[in-house]
Structure formats: structure tokens, C-alpha cells
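Data block below; observations after.
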Amino acid sequence: MTALIAVVMALAAISAIGVVLSPQTIYSALSLVVTVTMISVLFLLLNAQFLFAVQLIIYAGAVMVLFVFIIALLNPEAEDRPALDYRAMIGLAAVAAVTILVFVTARNGITYGSGGFRGQQVGAASNPYHTFAFGADAVNAAGNVQTVAGQLFTTYLLPFEITSLLLLVAAIGAVYLTRRTKEAA
Amino acid sequence: MSVDVASTLVLLILLFPLGGAALNALLGPRLGRQFVNVVGTASILASFVVATLLLANVVGAPSGHSSITVRLWQWLNLGSGNLSVGMDFTLDPLSAIMAMVITGVGFLIHVYSVGYMEHDEGIARFFAYMNFFIFSMLGLVLAGDLVILIIGWALVAFSSYVLIGFWHDRPSAVLAARKAFITQVVGDVAMVIAAFLIFLNAHTLSLPNVFARTAAFPSGGILVTGICVLLAIGAFAKSAQFPLHTWLPDAMEGPTPVSALIHAATMVTAGVYLIARFHPLFNLAPVAEGMVACVGIGTALMAGVIALSQIDIKRVIAYSTMSQIGLMIYAVGIGAYSAGLFHFAMHSVFKALLFMAAGNVIHALRDEQDIRLMGGLSARMRWTQWSFLSGSLALAGIPIFAGWFSKENLLGFGTVSGPGAAPWLLYVVGVGINVLTGLYAFRLWAVVFQGEPQTARVWAAKEARRVMLIPVVMLGVLSLIVAWPLQWPIPNAVRVFTDFLAPVFAAGPPTPAAEPGVGLATVALVIGTLASLFGVGLAQRIWVRGDPEPAALLVRLPRGLPLLSYNKFYFDELYDRALVNPTRAVARTLRRVVEPDIMDGWVSGIGSVLRGLSIDVRSVETGFIRDYASLFAVFAVLFVVITVVFVAR
Amino acid sequence: MLAQAVPIVPLVTPSAKDLLGLLPELILGGGFVVLMLLDLVVPARRRAWLAAFAFLFIAASFGACMWGWFDSGSGRALYFGSIAYDKYAMFINAVLLISAALVVIISPQYLNRRGLHYGEYYALILAATTGMMLLAGAMSLMVIFLAIELLSVSLYILSGFSRHEERSQEAALKYLLLGGFASGFLLFGMALVYGETGHTQLQQIEAALRVSTNVDPLLLAGVILIFIGLAFKASLVPFHTWTPDVYQGAPTSVTTFMSVATKVAAFAVMVRVFTYTFPAVYAHWQAIVFLVAIASMLVGNIAALTQTSVKRMLAYSGIAQAGYILIGVAVSPSEPLGTIGVLYYLAAYAVTNIGAFAVITVMAGRGEDLDSYAGLRGLAYRRPYVAAAMGLFLLSLGGFPPTAGFFGKFFVFAAAIKSGQTSLALWGIATSAVSVFYYLRVALLMYQRPAADQPEYQWSRSTFGGSAVLLATTAGTLVLGILVTLVYSAAAAAQGALLPVAAG
Amino acid sequence: MNVPWLTLVIVIPVGAALLLQVVPRNLTAAVKGVTLLATAAVAVIVGVLVAMLPHTVGSDQPLTFHYEETHAWIPGIGASYHLGLDGLSAWLLALNAGVFLLGALAVSRRSTERLRFYCTLLLLTEAATAGVLLAADLLLFYLFWEGMLVPLYFLLSNYGGEKRGPATLKFILYTVAGSLLMLLSIIWLYVNSGARSFDLETLITSSGPAQAVIVIPGIHVPTFTPQELVFIGFALAFAIKLPLVPFHTWLPDLYEACPPAALVFFAGIVSKLGAYGFIRFGLTLFPEPVNHFKWFLAGVAVLSIIYGALMALSERDIKRIVAYASISHLGFVALGIFSLTQNGVNGSIIQMINHGIIISALFLIVGFIEARTGTRDRRQIAGLERRMPWLYAFFLVATLAALGMPGMNGFVGEFTIMLGAFQLNWVYAVLAGGGVVLACWYMLRLHQGLMHGPPAALVERVRDIRMGEGLLLAPLAALMIFLGVYPRPVGDLARPAVTQYVARATGTPVLPAVYS
Amino acid sequence: MISTGAFPYLLGLSAFLFTIGAAGVLIRRNPIVVLMCIELMLNAGNIALIAYGRFLNSVEGQIFAFMVIVVAAAEVVVGLALVTAIFRLGRELDVDDLSEMSE
């Protein structure tokens, strides 16, 4: 199990580097497909089956296809080597620093005060405000999908509706921006 | 004298000239020359009549009631303990005499002006100014409050300023006017500060109260000395005494009647009046008195020396004026107030005469003022010549002429009074001045009227018209006889003048000057008279007879002395170099350097720094998305690190 | 396996009350959809009708807000803590709606002149406004994120609304790429905060932070990252770099809307999140916020000094104004006047800045924007009233009484001093003095006669709508500067009923 | 009858300004009529108020307001609409009404383009300056104080001379920089007073600022108490407005660029407001700091006197000469205030009134000369006296008044101020005396240079002032002389108030101001 | 299925992907790739959300992640539309070329 996770995570990381460093746009896109897929596997391993499916269908499916399609449409042969100027240095330094920082912090549970992982404490405590925290069983029961869906359409109805508006806007915008029109000024 | 009478008199005496000035200024240009002449002279005559009434009232007043102060209105009142000034006027023998002389001599000069200014188009303006001057001068001498006195003091300076610059197309006249005014203002400031000292210690500026309260000041103390020195500076500025004397010769740029009225007879003697008026304070300040006496005699000497070598007829008389006022100042400086004032009164008569006679000459020679281009006028201008001679004799102090009475009277006091351990030292100088006076007075007379005519203009010269001649002749006669009934320098003789003023000077702390004893007085009189005669005689030898011997004597003087005399001891140059030019240079530096580079510089400096910063800051906006993202990322990491690592601890 | 018929966790559906509380947003969101449909039937020449419809929706929404103002009382949360129904949200909504209405009124003339008159414009304005209003009320990290994306995506498209103009497209892409970049940071920050507190809803986060004695570095990192994400939207230094470019490139009417509404929404949520959700860790985020406030005031004002493009100058001015507003946010946790100041400042800024942009929108000539300083030269001789109005707006931006701008500054400075942060007020004052320079430079330019060799810019005639907007903004600028109590008491009431704390 | 007279003084001009907007633009006579009527109405009201002032019983301490109005304004933060008129503001309000009436009269229908806008701005400025003089609430005061800049800015930018742009910018920047510090101080006072009010009287009586220390990062200011720092904020604002050297450079530039007709009220009242502020707020709210700094501030005042005089001596532009003269004169005003004596402060008030009259006249005259000769270079004009005898006469009066000639109104103020300065320290009085001598120099040179000497080429075709112009100058000249020989009314009206202010500043018992 | 011990690694991966994405924005010039990098950053956020949710036993993480996926899709759509529009205007697909407006 651990090995599997390790492999998936490594693949995700390596393909992410591929996204950034591939000289060809299309390679970046393909690397991204790998990354996204690996992430979906991680989701599955993390017991988020619904998200696993969404990630695969929307990301690895729709979004990446769109990318590839546009790349093919616009510049099939263009080569874009990453610009390794001072910004790259900044980027690399940031990558190293942030990763290590976050890892070490998460690993050691450094807190300014006593105790460890606060989220857990709060979650476990009989905190009256923690209405939507359930036991592990409840969250993970029934393959989790039903729980997520149920919450999505009840408690989180508002954000969910906003996403619909957002998609509508995006669609209209895409149509407007790409529409060829004779109607000149 | 009741208050009602007094205030009526004060109002009238002031209103006549003021009304004349206003009428002439506003209506004069429309209504013509005749109107102006009448209004201008009549107003002064009216004022003279009032002044005579005033004098009569004072004379008739029982002793001890000869001084009265009237308040026309409250000028300013800033609350108890603070500045409170009334529009006050004081009537007493002193102011009565002053008013009398001012209006009397003033009237004659006004009459003379009618002729002198006949062809001048600005006649209305001229008479307006002249009337206004009389008003101001009367305001000065009648003032019963120090602030009012200062106002009058400044108003006469203003009148003098406009009259010196009367011919305003002449740049030299304009400059002279300004110089006179600025010098006066220096004196004004000194007086104002003296007023502050008085106010802060006596808590009043009303003159009677001031004198009442300052009597308690410690005699010889620094306070009273300071006040007196400051007042004296004011007096020096007005009376053209060293070191504030340089404006007076330049003031001759004005029309001759102005010189006669203002720069000889009245205004310039205001310094003498001031010191006499403040005698209660000066009596307490021997050091200040000594200073005044020294400055007076020193100026008299210096002016006498300068007068010897001047070539402008009016300037010679101007320096003679300066010299004579020096003597008056000397007199009041040693405490001989009535002697000083008597000389003032006499001087105003003969000096007005001299100026007006000189004016006749100038007029006849069509504005020629250089005495080297004159000569031989005695035949052509007989009346003027005789009058001038009378004035010169009076000036030189030849017996039975007015000047003899007053000057010898004055010098007599010098034998016993004076500053320091050897008071007679100044007296000796005074006697020397007698010689000098005779010399320059008769040099002038000789060069102008005797000898051969030097230019064609002189050949064409005619006697002056009657309107100009009558005042001159009248004054010529007066120069001879005016002093006879008033005051004799001989002890125990006539002393009407002194007695009349006695109540004024009897008040307050005792006057230091002692009357010289009979013997001493007689000796002094003889010596002084001989000195005067010697001077006149010497002048006769040199300039009339052309005797080379004394001339050779003069040549043997140190080289520099004639030069110094001719160049007026270089005071103008000294002031230019020491005061005027440095001030100008400072001002120029301020405009060229300080204002733009420092005062504005610190603003524009901030401006340019900000401008530079602005360009630096804007250079972040490269337009490159990747640059923007870099900046974003760097600061995001930085902020997180700062928060997590530094702030949290 | 799916044997269980009953849900494992209880499901509670939202009630009608929740829906009713959301009426303003619903009307506007509905308006968005309706307008898209109407666009299909309205003939191309009559597109000004769409503006009228949009205005109607905005007005209706405004009415709903007014009702909500009284109905919400001391405030409550809707949708299980997802969104707030309080006076604060209504106040912000009102400001946003007024801004949107003003922009909608001036747009037809401008769009026609620029050949951009499409129905999508009004729809997108409504969509963006909906997003902003949601943001104003947002009580959950999810809603915040989504609302920001909603308004952002709408604005990306609006920025690039001039399809045939490279500058517009460049601006849009810049905005989108950097906006997406910022969204990444925001999201990561939210993830960290969620992870560390266990909640996405502000009320619960606040409560959790309140009871906890621990401070985890990852929580702090999350807080700061959220701040950075919001700072980007509010164009605060050093996350401001996109602002001038986008403002300059976008069509002016869009810039008008964007410059005001985005800032209002961003600050509205910033106050709710930082002042009323994260006060427990105030000590930790305070320093960065102070730093950013000072940097914004400095950089914005100083960079504006040497500008020659009106839109860029106003962009930098907007950055600086954001700095002043941030003072209010920065001191709010210890001083309620700070929040009031923010609200007042936002209202003042809205009328003033819309006024200023409205002038260059209304005066824009055919086919080109009125952007360079040279184009304003001599305006006062040809359009004295417009120039006077512009002068007034610039003075208001500079903080002169009796204009709105003065009291905005006054309240935030007062709050700063009241909370003991005199240095912040000092920085504000120093930079205000600097700002006067460039505002007045522009203002004075209008009163200079154009040089002989320089042709006057061909200004347009103001239409009825344009004049109305200028009149309204002028009046607003003065009213906010004189009859202060009107808005002040509203702002104070809004502050008093601010969720999540107000609900207890 | 309960008529809000003070509000009327502010509202009438504003109302007239609004009314003007409905008057057709090209009906210049109507526009001018409305303006004149409004300014005249204000002048009448103010005249009556001032005349009645000694016969009214003032409100109680800490300040005796003889007319007072209070209404709620922003109750949430304790700011109120509080107007008050006392002996201090009475004369200045009268001066204000006077110079604006004069300004309205000076507007030439023929030569002012966009007359309606000009008149509107004039009226708004009048309302703002009146507000400054009446406001007894610090926030309200600040509102008027800064709000004044708005119409002024439009006035300058629309009607100014050629260099108006930079000059206006400099003026506003300078003023705003100072005012903003004052704003900071006002807020600080408000926050720390304990009373949580902006009301002047409340602030005077409240316990005073807590002794908290202001921390300015990077700047170490250990020697100043908070109260002193707050005072410095106020002082800078007032010093800039006054202006005192070295904050003066805006003034010559601005006066140079300012439209001549507007200079009448600009120079006439606006620069007095700084001095007014020093008395009204400096002396009452900050007795200790004022006492602490008086030596320094009086020194700065003396510096202004001499520096302004020297600059006037070296300038060639006649407008700038008058401007620097103005700086020098205002230095006297400041000197009087910082002497903290009744003589000095009273003298300052007298000097303010007189300077308002003198400087208005001088700028009118300089404007006439400029309009006729087309130049402002002192060296290019000479011999005007022959061409313009009437102008010469008025100019002479104004010159004498300006150089502090005894018997003219300029002397009264300078004398009392120097007396006050002398009470502080004789050195100040002596140095100020030096300023008087210099004033004499530059004023006479200006006057003589323009008026005397052989007429210059530019002067050949110049005509004397018209009747209307003469009627503008005549009342000013008459006042210069009248107030020179009878200055008592000015002193009397201000005296009780000054007693109160000085008592507060010097820590002696404060009594209600009563006219006896 | 996955132990608590893996949590730091998951968060580390999240951070790594996030920063790699950010670095990509800095170093890539093609706007399409930049968009992909932004997708990487959003995905990194999603990993964190879900990992946290898993160990908090909270469902919110998943729901949030779901929303994020939608947002990402919307952004990509608009972004690619813009890229297309710019391409149509005849411009190179290079973000460094998009710097007409600066300072």
C-alpha cells in the first residue's frame, strides 16, 4: 500500500515537473494529463471516490481535451523552451523552500503552543460549532459518494448554485470572445 | 486758561492749516492759482493769529496754571495695565512759543512762496504740502501724549519727504527725499522703543503723567539713560546731527521755500524741542546729556568745517544750519534749555531769511546754485544783498544782531555747565565754532555778492519781485531787532524769554545748568564776540580783499583736511559701503540664492526626490506578466515567512 | 451494498427564508439570465433597451436590499452559515448596486462610440455584480472563493470586451493569468485554514480560533495566503502590478466598474474575514497588513506622480486609496471605527471614482479612449461643467473637504489614532499630501489652454445619461462630504450588525 | 427673535451661489447684481452683529461667545455644527464681509469672462472663510478651512495669470501638507481628550490629552510632550497659511498668478486666517506648548519680518514686492501673537484688520498699474504721477500706511505689536524695528520708482483711474487714515476677548469677557 | 486505506505541486502552458483539501475540491478563449509579447 502511494505521488511530482519543463506545449499537456490522473488515484486512495470520478471525467477528460484541442488548433509545431532566467531561480528556490517548509511543519506538527494537530483536536472535541463533522464511519460509509452528494444539494446548495452561474458566465464569455463577427464598429 | 478755551484753540490752530491743505489738494487744481495762494497763506495767517492768542492766554495765566492738557478723543485703549493713548494736546509756554515761531516764520515763507513758485504748475500741490507741514509741526509741538508726539514727528518727516521730492521728475530729488525719510524712520524707531521703555516703567504715555512718574526713576540709572539716549537718537535724526545728519544737505533738492521753512526754521529744530520737552528725564540722565552735548558741539564743528568748502549756495546754508542746530543741541545737552530754544527762535528768523535771500539769488540767476558762478550781485540785488548781510551778521553772531544775543547767551552757559570733569572744554570748541561761523558766513556773502560777476546770467540778474522781497526784508529787519526785547546775553539784563519759559523748566528734577556768574559771563561774552569778529574779519581778508596770507595758511593745513571738508567727511560713502550696499547685497543673495535654492529648494528637493522615486517605482511595471508573477511570488513567500518565522514568536 | 435507504448523515434542505434573504442576488442573477435571452430578441440598434432592463434589475435588487436592510435586523446567517444576511452586506450591496447602475447608465453611449455595443456586456456586468454581492455576504470560504471567481471571470471577459483591440485582449489575458495565479494562492490558503481549523464556515472558524490556544504555522501561512489572494483583488502593493495595465487596456466603462466594484467587494470580504473571523490571530497578521497598507499608500501615490495616462494615474490612485482603506481594516479588530471608516471610505470612493472615470468615459471621442493627459488639456474652456465636476472628483480623491473623500480619510485616520496606531495615520497623511500634487496637476491641466500647435482632443457631447451620472456623482460627492450623518449612521449600523460576531 | 444670524452669514453666499446657477449666463448685470446683493447683505448683517456685540451678554466660559448656534452634525463622533462669534472673530468677520464686498465690486463686468462662475466661486469662498471664523467645533473648522481651498483652487485655475498652474499647485500642496498635520492633531486631541468631542469649548475644559507617547518608528522625539507634538501640527498648518518663513514661498508665486480682483479678498482675508487660528486654537488649547515655544515662534516671526522686507527690497516684480511686503507685515501679526501679551495680541488683531485694508488697496493699485502699463517690472515704469494724479494720491496713502507711518492705520498695529514684543524681550522689538526701516526703504522705492522720475516710454499713453476704480480705493484710503487717528473701535471690540485668550495662554484666572 | 503517517507526505506533495505550478507561471512564456501551470496550482490545493478532509473526517474538503474543479474548468475555458482571440489578432502566443502597456 505504502509503495503504491509512493509510486503515485512520485509519478504526480515527476509529471508535474514535466509540465513545467517540456519544450513542446503538447508534451506539457500530456504531462498534465498524467499528473491529473495520478491525483485522481490519490483521491481514490484518500477515500474520495466521488472526487476521483470528477477528476477523471472533468479534468483528465474534458479540460485536458480542450487543452490539447486548442494546442492543436493554434500552434501545432511551436516550441516553447522554458525561460531559465532569474525568474527560474526564484521559482526553484520557492519550490524547494515551500515544499520543505510545509513538509517539515506538517510532519512535526509544529505549533506555537502546546498540542499537535489542531484541526484534529477541534474535530474531535465536543465543539458545538462543529456541526458538520461526522465520525469516520459516517463519512466513509457507502463509498462516501452519497454523503458528498447529499451535502452538496443541501448544506452546500448555495456554493453549488454559484458554480452553475460561474459556468454559464464562462460559457457566454468563451462564445463572445471567440465568435467571429462581421458586425464591425 | 480754561479747558474749553484751550481745546478750541488747539482745534483751531490745527484745523486751519489742515483745512488749507485739504482745500488746496482737492480743489486747488480746479480753482486755480489765485485760490491756492490765498488759501495757502491765509490758513497759516489764521493759525498765526490763533497762536498769538494762545501765547497771550499763556502769558495771562496765573503762574502754575500755565500748562494744560486737553483730550480731543481717546485714541486707543487696550484695557487697564495695557496701552492706553489719548489724542492729547498740551498747551504751555514751550508749545506756545514753538507754535508762534512756526506759524509766524511759516506765514512769511508762505507769502514768499507765492512768488517763488509762481511759474510752477504744481502750486496747489505745493501749498497743500506746505500747509500740511505746518499742521504736522503744530501737532508735534502741541502733542500731549508720546504717541501723538510720534505721530506728529513722523508726519513732519512725511511732509519733508514730499516737499524735498516736490520736483519729482528729478531723480536726485527723489533719492534725497527717500534718504531723508528713511533716516527719519531710524529715529522714529528709536523713539518708539523709548516710548516702550517709558510705558513699561511708567505705565502711561501721557506726557504730564510721564513726567510726574518718571521723577521717581533712579537718577543716572540705566533705564533713564537708555530712554534719553533713544530719545536723543530720534532728535538727532530729525535735527540732522551726527551720525544721522547726511540727509540734510541732500534735502536742498527741494524748492527753496521748503528749505527755508522745514530744513532751517522749523522741522530740523524739533530735536531741540524734543530734548527740551523731555528735560525732566534728561535732567536725571547726566550721561545721556553729556552725550547729547558732545554730539551737538561735534556736529556743529564738523558742519562748520564742511560749510567752508561747499560750492552750492543752499548747501553752505544747510551746513550752517546743521552747525547752528548742533549748538542748540549742545545747549539743551548741558541743560541750558531756554538758551537753546532762544537760539532756535532767533535762528529760525535769520536762517529763513538767508534761505529766502539765497532763493532770490537762485531765482534771479535762473536756478543757478553754484556760488563760483555768481559774484557781484550786490549792485543788482540791493535789497536782497542788505537782507542777506543782516542775516549773515546775525548768523555770525555780530553784536546787536539777533544771533549775537542768542549764541552768546548759549555759550555763556558752557563756561560752567557741561559733561565730564572739564565742562569748559566744549565751551572752547564753541568759541572756535564762532570763528568758523564768521568765516563761512562771510565767505558766502563775499563770493556771492562781492567781486566781479562770473557769468552772463549775473549780468542779467534783477532784483526779486515784491512778494518775494517783502518777507525777506521783513526778516532782515527782524534779524536785527527781534532779540532786543526778549533776551540779552549780558547778565542781569533783559530776560523775558527765559522768564517766560521758566515755569516749564522749573518743573521736575532740577536742571543741571547753572547760570554763570556775572564776571564769568562777561568774560565769556567778550571772548565769544571777539571770536565771531575775528572770523568775520578773516573772511573779509581772504575773500573780499583777497589777502593771500591767510589763504597760504589754509594751504599749509594737512592735505587731507580740505578734501575731507569738501567731501563732507565721506559720510555718504561710508554709509553706502557699511550699510546700504551690504543690505542690498544680502537682499540680492536672498533673491538669487536663498529663496530659490533653500526656501523653495527644500520643497522642490522633496519634489525631485519623489519624482525620482516615482520613476523607480514605476519601473516595476514592466508590462511582463512573468515579472508581475515573480514579484507576486517573492512577496507571497516573504510575507508567509515573515509571519510564520518572525511575527509568531 | 447500497442497502441503506436513509441518509447516513442528516440532510437539511434550505428553507424559503434562506431564499428570501438572498433576494437581491437572486434578482440580479436572474437578470443576468433574462438579459442573455433578451439579447436574442432585441434588435442590434435597440441595445440601449438592454441597458434599461439591466438598470431595472439593478433597481429591483436595490429595492430588495433596502427591504433586507430593515428585515435583517441584527443579522443572521443563511444557508447554514454560507452567507450573511446582515446590514453590513446590505450596505455593501447598496454601494455595489449604485456603482453598477451608474456604469450601466453611461455605458451605451460609450459602447456605441467604440463599436462594442453587445448584449453580453450588461449581462456580464450583472453577473459580476452578483458575484460581488455574494462576496459581500460570504460567510464560508467556499462562497468566498466562488464569488471571487464569478466576479473575476466576468471581469476577465469584460476587460477583453473589445475583441478587435490588442490592448484590451492583452489586458484581459494579463488579468486572467495573474488572477488565476492569485486564485491558486487564495485556494491554497483556504485549504490550509480549513485544514487547521476543520471548517470552511467563518462562524465556525472564528469560534474554533477563539477557543484554541494553539497557533499552527500552517494556519498562519493560510491566513496570509488568503490575505494575499484578496489583496490581489483589491490591488494592494505588492500585488498591484496588474492594475495599471488592465485599467488602461480595458474599455473605460469597464475600468470604471472594475476600479470601484472590485475594490468594494474585496474590502467588504476582507473586513469580514480578517476583522471578524481572524481577530484571534490579529497579532500575527497585523504586521503584514500594516506593511501592505503603508506600501500601497507609498507606491500608489509616488508612482502616480509622474504618470501621463489618466487611466493609469487613476489606477495608481486606486492603489493608494486601497492603502488608506486597508488602514481601516488593519485597525478594525481593536477599533469599530475602523470598520465604519472602511464602509464610509468605500461609499465615498465609489461615487468619486466613478465620477472621475465617468468623465473620461463620457468625454471619450469616437474610436479612441480619452487617456493621455494631453487629451484633457483645455477641457474647461469647452466643457466647463464637466471640467468642474472632474476637478471636484479629483479634489475628493485628494481628500479635500467638503467632499466625500475627506471624511473617508478622516474616519480611517481617526480609527488609526484611536487604536494607537498613530504612525499609520502619519504615513497616510504624508502620502495624502503627495497625492494632492498629481490630482491637482491633472485638474489644472483642464484649465490650461491647449498649446497653439497642439490640436484639441475631440471630446464627445455628453448624453442625457452621462450628464445624469455626472450630476449624481457630483451630488453624492458633496452630500457625503457635508451631510455626513446620513451615511455615517448607516455605516455604524452596518458595523453593529456585522456577522459572524454580531450573531454571537 | 431667534434668527440664526451666524448661519445666515454662511448660507446667504451659498444660497446666492446656487441662485446664480439659474440666472442666465449672459445676463451679466443680473449676475453681478446677485453677487453684490449677497455680499452686501452679509456685510449688513455682520455690521449689525458687530455693532450690537458690545451690548449683548455673552455665554459663559471658557470662551465668551456673544452669538452662538449649536446643532447636531455627526452625533456619532461628537462633532457638532457649533458656530460662535466673540470679540476676536467679530472684527475679522467684518473684514471678511468688507473685502468680499470689495471683491464683488472690483469684478469688472467687461473684462471677466465667465463672470457667473467667477461670482459663484467668490461667494463660496466667502462662505468658507466666514465658516472658518465662526466655527467653534474643530471638525467643522477643519471642514471650512480645507473646504476654502476648493473654490480658491477653481478661482485660481480659471482666472489666474500665466504661471497659475505651478503657483496654484504649490499653494495647495503647501497648505494641504500643513492642514493634514493639523487634521492629525485634531483627531489626536479628540481621541485623547476624554470628552470624545470636537467642540472647542469642551476640549478646552476637558482634562487635557493623556500623556501617552506617540511612537513614530525610526524617529526619536523624546523631548516633546504629546501635547507639544499636537501643537506643532496645528502650528505648522497656521504657519503655512500665515505664512511664516520658511513656509512662505507659495505666497509670492500665488499672488503673482492670482487675478487682481480676487487678490483683494485673497490677500485681504485668507492669509489672516492662519493668525486667527493661532489665537483661537493655539492660545486656548495649548497654553503650555505655546509658552514653551513662544521664544522660538517669535523668532520665526521676526525672521519673517526681516526676510520679507529684504526680499521686497530685491524684487523687481511689483506684485511680488507687495507679496513680500505682506509676508513681512504678517510677521508682525505673528510676533504680536507670540508675545502672549494683551498689547501684542490686540495689536495683532488691529494689524490684521489694517493689513487687510492696506494690502487690498495695494493690490488694487498694482493691478490698475499693471493693466495700464502692461508690465509688472518695477524698472520699466516711472513717472506715473503726472499721468495718474489720483492713483498717485491713493498709492501714497497706501504706501504710507504700509510702511507703518504714524498717523496711518499701519502704525497702530505695529506699535502695539512691538510693545508686546518688547514685553517679551527687547531684542525682538529692536529687530522688528529694523524691519520697519527696511519697509520704509522698499515701499518708498516702489512708490517713487513707479510714480516719480522722468516718465518711462510705457507710461506715455496711460490714463488715470476711472471714477469707479477710484470709488473702490477711496473707502480704503479713508479707512487707512481714519483708523490711524481713531483706532479705538478696533481695540475696544477685541479687548475683552483678547484678555480672555491671553489669560488662558498665560495661566492667569480667566474671567468672562464683558464690555464695560 | 491510507494511514495518518502519510499525511505529511501528502501535504508535501501538495506544496510541491503548488510551487512547481507557480514556478511554471514564472518561467513559461506560452499562455497555454501558463494556464496549465495554474491548473497545477489549483490541483495542489485540491490535494491539500482532500487530504485534510480525510484526516479530519470532514466532508467539506471534498465538496470544496469539487467546486474548485468547476472553477478551474471555467477559468480554462475563458483563458483558452482569450488565447484564441489573441491568436486571431495575429499575435504570437508569448506572454512576454503581451507588454504593450507598461509603467
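When the chains are written out, they are named A, B, C, D and E in that same order, and each has its own residue count from 1.
As a convention for this text, a residue touches a chain if its C-beta (ideal position, glycine included) is under 8 Å from a C-beta of that chain, and two chains touch if they have at least 3 such contacts.
All of these numbers come straight from a predicted model, not from anything done at the bench.
Taking the definition of touch as given, a chain qualifies here only if it contacts subunit A and subunit C alike; those chains are B, E. Chains making contact with subunit A as well as with subunit E: B, C. The greatest centre-to-centre distance from subunit B, using averaged C-alpha positions, is reached by A.
Of all chains displayed, D has the C-alpha centre closest to the centre of the whole protein C-alpha set.
Look at where the CA atoms of subunit A average out and do the same for subunit D: the two points lie 69 Å apart. In terms of their C-alpha centroids, the spacing between subunit D and subunit E amounts to 64 Å.
With centres defined as mean CA coordinates, subunit E is found 25 Å away from subunit C.
Rounded to whole angstrom units, the spacing between the C-alpha centres of subunit B and subunit C is 78.
Counting partner chains per residue, subunit E has residues 14, 18, 21-22, 25-27, 29, 34-35, 46, 51-53, 56, 58-60, 63, 67, 71, 74-75, 78, 82-83, 85, 95-96, 98-103 touching two or more of them. Across the assembly, subunit D contributes 173 as residues in contact with two or more other chains.
In subunit A, the residues that touch at least two other chains are 83, 87, 90-91, 94, 98, 101-102, 106, 112, 119-120, 123, 133-134, 138, 147, 151, 156, 159, 163, 166, 169-170, 173, 177. A list of each chain pair in contact follows: A-B, A-C, A-E, B-C, B-D, B-E, C-D, C-E. Put simply, subunit D touches subunit B in their complex at residues 170, 173-174, 245-246, 248-249, 307, 310-311, 313-315, 341-343, 346, 383, 385-386, 389, 393, 396, 400, 403, 405-407, 411-412, 415-416, 418-419, 422-423, 426, 429-430, 433-434, 436-438, 440-441, 444-445, 448, 451-455, 485-488, 491-492, 495, 498-499. Only residues 83, 86-87, 90-91, 94, 97-98, 101, 112 of subunit A touch subunit B when the two sit together in their complex.
Against subunit E, in their complex, subunit B makes its touches with residues 618-619, 621-626, 629-630, 633.
Across the complex, subunit A is touched by residues 1-2, 4, 7-9, 11-14, 22, 29, 32-33, 36, 44, 78-80, 82-83, 114-116, 118, 120, 123-124, 127, 130, 134, 140, 142-143, 146-147, 149-150, 153-154, 156-157, 160-161, 163-164, 195-199, 203-204, 207-208, 211-219, 221, 367 of subunit C.
On the side of subunit C, the complex with subunit D involves touching residues 337, 380, 384, 388, 391-392, 395, 398-403, 406, 410, 413-414, 417-418, 420, 422-423, 425-426, 429-430, 432-433, 436-437, 440-441, 443-448, 484-485, 488-489, 492.
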